[in-house]
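Take this structure first; my questions come after.
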Amino acid sequence: MTQATLSTPAARPLARLRDPAWYQEYGVYLAVAVVLLFNALFTEHFMTADNLRTQLVQVAPIVIVALGMALVIGTEGVDLSVGSTMAVAAALLPLYLGYGLVPALVMALLAGALVGAVNGTLVSLVGLQPIVATLALFVGGRGLALVMADGQLKQIVNPDLLSLGTGSFLGIPLVVLIAAVLAVAVAFLVQRTTFGRQVVAIGGNRSAASLAGLPVRRVLIGVYMLCGVLAALAGILATARLTASDPSSLGTLMELSAITAVVVGGTPLNGGSIRVLGTVAGALLMQLLRATLVKHDLPDSTAQIAQAAIIIAAVYVARERRSR
Amino acid sequence: MNETSPAPVAQAPAPRKTPAAAGGGAPRPVTGAPPPLGQRLAELLQRQGVLAVLLTVVIVASFIYPTFATLDNARGVTVQASFLAVVALGMTMVIITGGIDLSVGSVFALGGVLAAWASQWGFLAALFVPLVVCGAIGLLNGFLVARAGMAPFIVTLATLLGARGILLAFTDEGATTYLVPKGSAFAELGQGSVRGFGYPILIALVLFGIGGLVLQRTSFGQTLFAVGGSSDAATLMGLPVARTKVLVYALSGLLAGLAGALNAARLSSGVTIVGVGMELDAISAVVIGGTLLIGGAGSISGTLWGVLLLAVIQNLINQIGSLNSSYQSVVSGGFLIVVVVAQRYLARSRRTT
Amino acid sequence: MAPPEAVPQPPEPGAAAKEAPVPAAAEEITAPAGAVLEARSVSKRFPGVVALDDVTFSLRAGETHALVGENGAGKSTLIKVLTGVYQPDEGELRLTGQQVSFARPFEAQQAGISTIYQEVNLVPLMSVARNIFLGREPKNRFGLIDFGRMHRETTELLDGFGVRVDPKRPLHTLGIGTQQMVALARAVSVNAQVVIMDEPTSSLEPREVETLFRVIEDLRERGIAVLYVSHRMDELYRICDRVTVLRDGRHIHTGDLADLDRMQLVSMMLGRDMAEVSRSGLTSFGPEGHDAARTPVLTATGLSRNHQLHHISLSLYAGEVLGLGGLLGSGRSETAKALAGALSLDSGEIGVGGRTLRRLTSAGAIRAGISLLPEDRKAEGIVPGLSVRENIVLAAMPRLSRAGVVSRARQDRIVDIFMKRLRIKAASPEQKVGELSGGNQQKVLLARWLCLEPKVLLLDEPTRGIDVGAKAEVQSLIDDLAREGLAVLLISSDIEELIEGADRIVVLRGGAVAGELAGDEVAESHLLEVLADHSPAPAGKAPAAQEDPR
Amino acid sequence: ASGCSKSEGSDNASADSSQGAQAAKSPETSSGSGCSLQTYGSPKLDLKDAVVGFSQSEKEANPFRIAETQSIKDEAKKVGVKKLLTTNAQSQLSKQISDIQDMLSQGAQFLIVAPLNSDGLEPALKAAAAKKVPVLTIDRKLNSTACKDYVAFLGSDFVEQGKRAADAMIKTTSGKGKVAILLGASGNNVTTDRTKGFVDQLKAKAPGLEIVAQQTGEFARDKGQQVMEQLIQSKPDITAVYAENDEMGLGAVTALKAAGKKPGKDVKIVSVDGTRNAVQALVNGEYNAVIESNPRFGPLAFATAQKFYGGEEIPENVIISDRAYDETNAKASLGGAF
């Protein structure tokens, strides 16, 4: 029976290097390594602990949002409202900080869950296409945040919240630690839990999943809610780091950053597969890239062209090739 | 409806009679005269839920706001919508093939800047330069998507950045603004009008007419639907899938560039900051118009109604009066939900088979 | 008849000793006379699988050539290599003696090769007429598509195939069988010198199969070569001149079909000796019926759904196989889906074990012990990107996990059992299901439902596209399952299978129950009679639920 | 959600528009040929019975825009206009054009426009001209012909602001050191002008001040913070930061503090706008200078309009005198900041 599996063993090691699947699998990590190497050689003060910590701290909110985005994309969806969700969370924080940190956090996270529930409902129950379903809250969400905040940026003075942004544990900044823990948790969720596998199956073939008795609607709503909560958390951390709640600009263009991270990380946009570690690496790649461009003081025009070229190159290398 | 199902063995040639067609709605004649106008209109409205929504909104608004249903207002709304319409036309075709083009906003801006720059050499240069450059960007998108097999979303996201970068480089980081010579033929293209309806409106209408014909009545158009409906099947049927995709992205780039050029002619200058977020407006218009984002189904006319609906909503928000900008966003987000949900349910009611 | 002709045979695998003797005449000779399309020593490898290993094959003008082999033997891959979907890793193609290489299916079509691929490959959202004329639409004098002519010609063309559908209807609203006929019409209406059909009859009714045969006969008369893949032996013997056997990606035999009897052919395909093969009969259902329980496990009363189902009532008893007969579009699949909660009903009741299930959903049906194997495995069955393992445990996942965390060990145990029991051929349980051959995908789906240990098993075309060996296995499995006390509903377009497998048959027509056959009535002649509706169904038999099963 | 909310103690009281009102720097006489009602060719109008339209360019989501819109609204109420229409272009030029057209078709008789961009409003201006509706532009100057396409411009000179920021920078750094510039949004006129003024002045007056980095912070606090964090690592010897608005400057303050540096001491910070938060930072000693860009256009705008209808000639540019804040006057002027 297994005759067919006996492929030519002699050609193995060589074939693996030439195998496009290898790049598809490890392309992002390779790219991260290349950018690091470039900076080690050509950028002053790059390979220092402080600098690397800065990069990690800056990328943490993007990673957190991208984790949720990866789940949504795994269901063949997309969530454009993450940036607005961050703004909503940021706007809510100062309103409830008077009760203490925990109630404020709970309110912000609940808001994220609520946004996700609305998105999920529109997608799964009403049957809207994800881009339009989430576009509504992308447009309206930030407006709502600004209404709640009265259009004003508010300085945060609560020491507990501020320490969330600046504190560290065993030398690792808390934000980075939180992002790392979440990445591991989401990886576990995707790989090892029924929920995670159902997400992937639904993304792979919705009608098959539904015929197999999977709770498709519930899972979809759950995924969007998770994405919303993660975005809200990112909003909280970003606010803590900024020491101010700034709903007008917090998280603008976050949806594109997150989607880029996910896709560069090797998760296909048409669902059915989720690469969590790849997503983290994708976010890291884009962060290192931005850092490189800033550090070499390139004008914005050059920086944008360079980013475009590198995104294309990275995705090109890791693209899915047809075996023919 | 049973009349179209395979006929039973024994009575193949006889027109099929369904034994149990009780309550089966109006049996559609297999051949015969076209149905009466009223019924056709009803069918049209059902097929295009967005048109029904648009008409409803327009009628209701005309009663509430006296300044809404004026010729003046109609002229203003349509001319502003015409640029988005041209962009959305290309977007419709891309989306029908199952792709997406996020670069249109940047390409629109770049097209405008190039047109304004080239307008110093006359009318043709002002059209030619942006079309060539923007078409080339579209072609690049197409090649990366079709030949290199990369995801359209990410390819065009990159060119969104890239085109904006080129624009900034071309204008000294935005410091230089190129002006269209006053009174030139090119400026007239953007500013002239027929009975108060600007040329851009007419150009958009003509393009939509051509687009509709291409989509519905040419092999190229059919191939777009086939590619979007099932890329694998289209390949196996021997359709030129890759070539079609390349073409459709090139077309989208061209149209975005053209819209940008027209806009520059209208504004008399190559403004650098236009087109930000335009891709999302175009996508919303297309999707509101009933085109499926997964590809394979959609219509040009739907997109036109979608664009108009968005423009009308915008106009209405201004009619409502002094809304704070934050409330404006909330209202337009809410409107968007209402519209797409309404459209969705209207569209669903015809799929009761 | 064509002279015997052979292709240089690859070195026999180790199993050769056990094999049936191959007729000696089939060897020798190098340059095949009159070959239209040839493949010389082609090999095609996929990651972890050698799908074609040095296969040489030739097709002559005017012949109908059968390509046979087990699931996963490489038949579809060979076809895809011949038509430019895949590029061979080694070897070359020749078209009328000239070396060719097709970079895309487009080029193969240009060269006159028309193909119906195994999975229906049309565009579901487009209309029937558009599908048929895609890429070669009739134009009016302005160069625009002439829809009037297109619809007319479509109607005419399909009439020739005995199919009457509105040419404007979107393809996906048709049943799979009708879709298959549309694909056929498209392929044949192109002027081609070679027509390739990969399992064209797997979803056709006897009547459509006859139509197809007429079409093939016609092609043969016009000197067109036909390459024909099928798992149905009787079909091969009826229409094919020569046969090529593949096994595990290798060429085993080419020769006149008339020189081989069924046993020889099957034993060549399976690589087992004749005695072993002959032990299993044609269908592998046991000779005697099953002992059904006295009270039904599942009862359905008055199932109705707008335009599709009209007051369907039936009941299923533990330990029996109930056949559901009917022509294309008669509503069998809809009935099965309704029973499995996958289709909302306008009215009607479904009860399991005496309990009425309200607002049945798929999940609810599964909880109640009802499993449905859907007919369209590509659209509704497999999750192509997931592994064989995950596809098998998909529905059972909650049961195989603790506190929401999946247990690999438990999964592996189940997967191991079922991969062995159904002899699923995959590189490993971790291979993507999308990469398996059609037949093996079907087995994976069967495993998915069997591992739920259901009380009621609804099988919609369970042996479609399954090779003789596997088909026998599935059939005896159905037999065993019924014997173990399972209630099985069997939908099959294979009349033989239905007659031999079912204890009782409910026949549907136009979405309503047209009659029921039980006991001695379960015979081909009776069935055809009811199917063809020569006489109105006996009035008393219509509400099948009231009937005694015996 | 605000029903039962409870915010932290210090709630910044919203700006009091009575304080820190604008004053015209170059009164009437600045340019010889003024614009009068006759030359412009509009019908006479009593503002009290008029429908006035105000087109805001960006979301009222930063102090400048909030104060600007509020000031117009307050003054309209004070003057007692019949109806004030307000629109917001949400940073989209095409929307600003339709906004203006919409207001015209709703019967606006006098327009106050805060242009999003110096170029590109032509269609809107034409529409206004066609209806003989005068347009007064505020805060950003148009590249069109005054007294023909619009009546006049009220506002600050952004190049001048850049120059004054450079002067303040030279003063606080004694003309030596390495400066990083946090640029505004790319492609924006304000960015271009504030950069030009600053860079030119620095070149002319203080060769000892070297510009080592120019990166965009997009006028946003978080972007300013992020860019600053990068610069702190890659150019540790930076001694001064010029931020083209207060928000980015405050982001830089946060970044510097987190990196253990003392903003205002180790690294000098100068920015443009004059928001309350920036002036407060100045009071706290974390900032070195703020060049004001006064958003309270209401009184001046309506006064100008009344003069216009009163038959007076209005100069082409009414440049307002912006204040400058530094350590010495910060505390005293905090109340006037917006």
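Letters A, B, C and D mark the chains as written, and numbering starts fresh at 1 in each.
The rule we apply is simple: contacts are C-beta pairs under 8 Å (C-beta built on N, C-alpha and C of every residue); 3 or more make two chains touch, one makes a residue touch a chain.
Everything quoted here is computed from the prediction, not taken from an experiment.
With respect to subunit C, maximal separation of chain centres occurs for D (centres as means of Cα atoms). The interface holding more C-beta pairs in contact, when B-D is weighed against A-B, is A-B. Once the centre of each chain is set as its mean CA position, subunit A and subunit D turn out to be 35 Å apart. Between the Cα centres of subunit A and subunit B there is a gap of 30 Å. Centre-to-centre spacing of subunit C and subunit D amounts to 72 Å, using the average Cα coordinate of each chain. Residues of subunit D in contact with at least two other chains: 59-61, 186. Counting only residues that touch two or more partner chains, subunit A has 146, 151, 299-301.
Residue positions 85 of subunit C are each in touch with at least two other chains. Contact between chains, using the touch rule, shows up for A-B, A-C, A-D, B-C, B-D.
In the complex of the two chains, the subunit B residues touching subunit D come out as 67, 70, 72-73, 76-77, 79-80, 83-84, 167-168, 171, 173-175, 177, 179, 191, 263, 266-274, 276-277, 311, 314-315, 318-319, 321-322, 324-326, 328-329.
Per the touch definition, subunit A reaches subunit B in the complex via residues 80, 122, 126-129, 131-133, 135-144, 146-147, 151, 256, 259-260, 263-264, 268-269, 299-309, 311-312, 315-316, 319-322.
Only residues 1-7, 19, 21, 192-195, 197-198, 200-201, 204-205, 207-215, 272-273, 323-324 of subunit A touch subunit C when the two sit together in their complex. The residues of subunit C lying in touch with subunit B in their complex are 85, 104-106, 108-110, 115, 117, 121-126, 130, 134-137, 143-145, 147, 162-166, 169, 173, 177-178, 186, 207, 306-307, 310, 327-329, 509-512, 531-534.
Here subunit B touches subunit C in the complex through residues 1-10, 12, 16, 18-21, 23-24, 28, 30, 213, 216-219, 222-223, 225-226, 229-230, 232-240, 296-297, 352-353, going by the rule given at the top.
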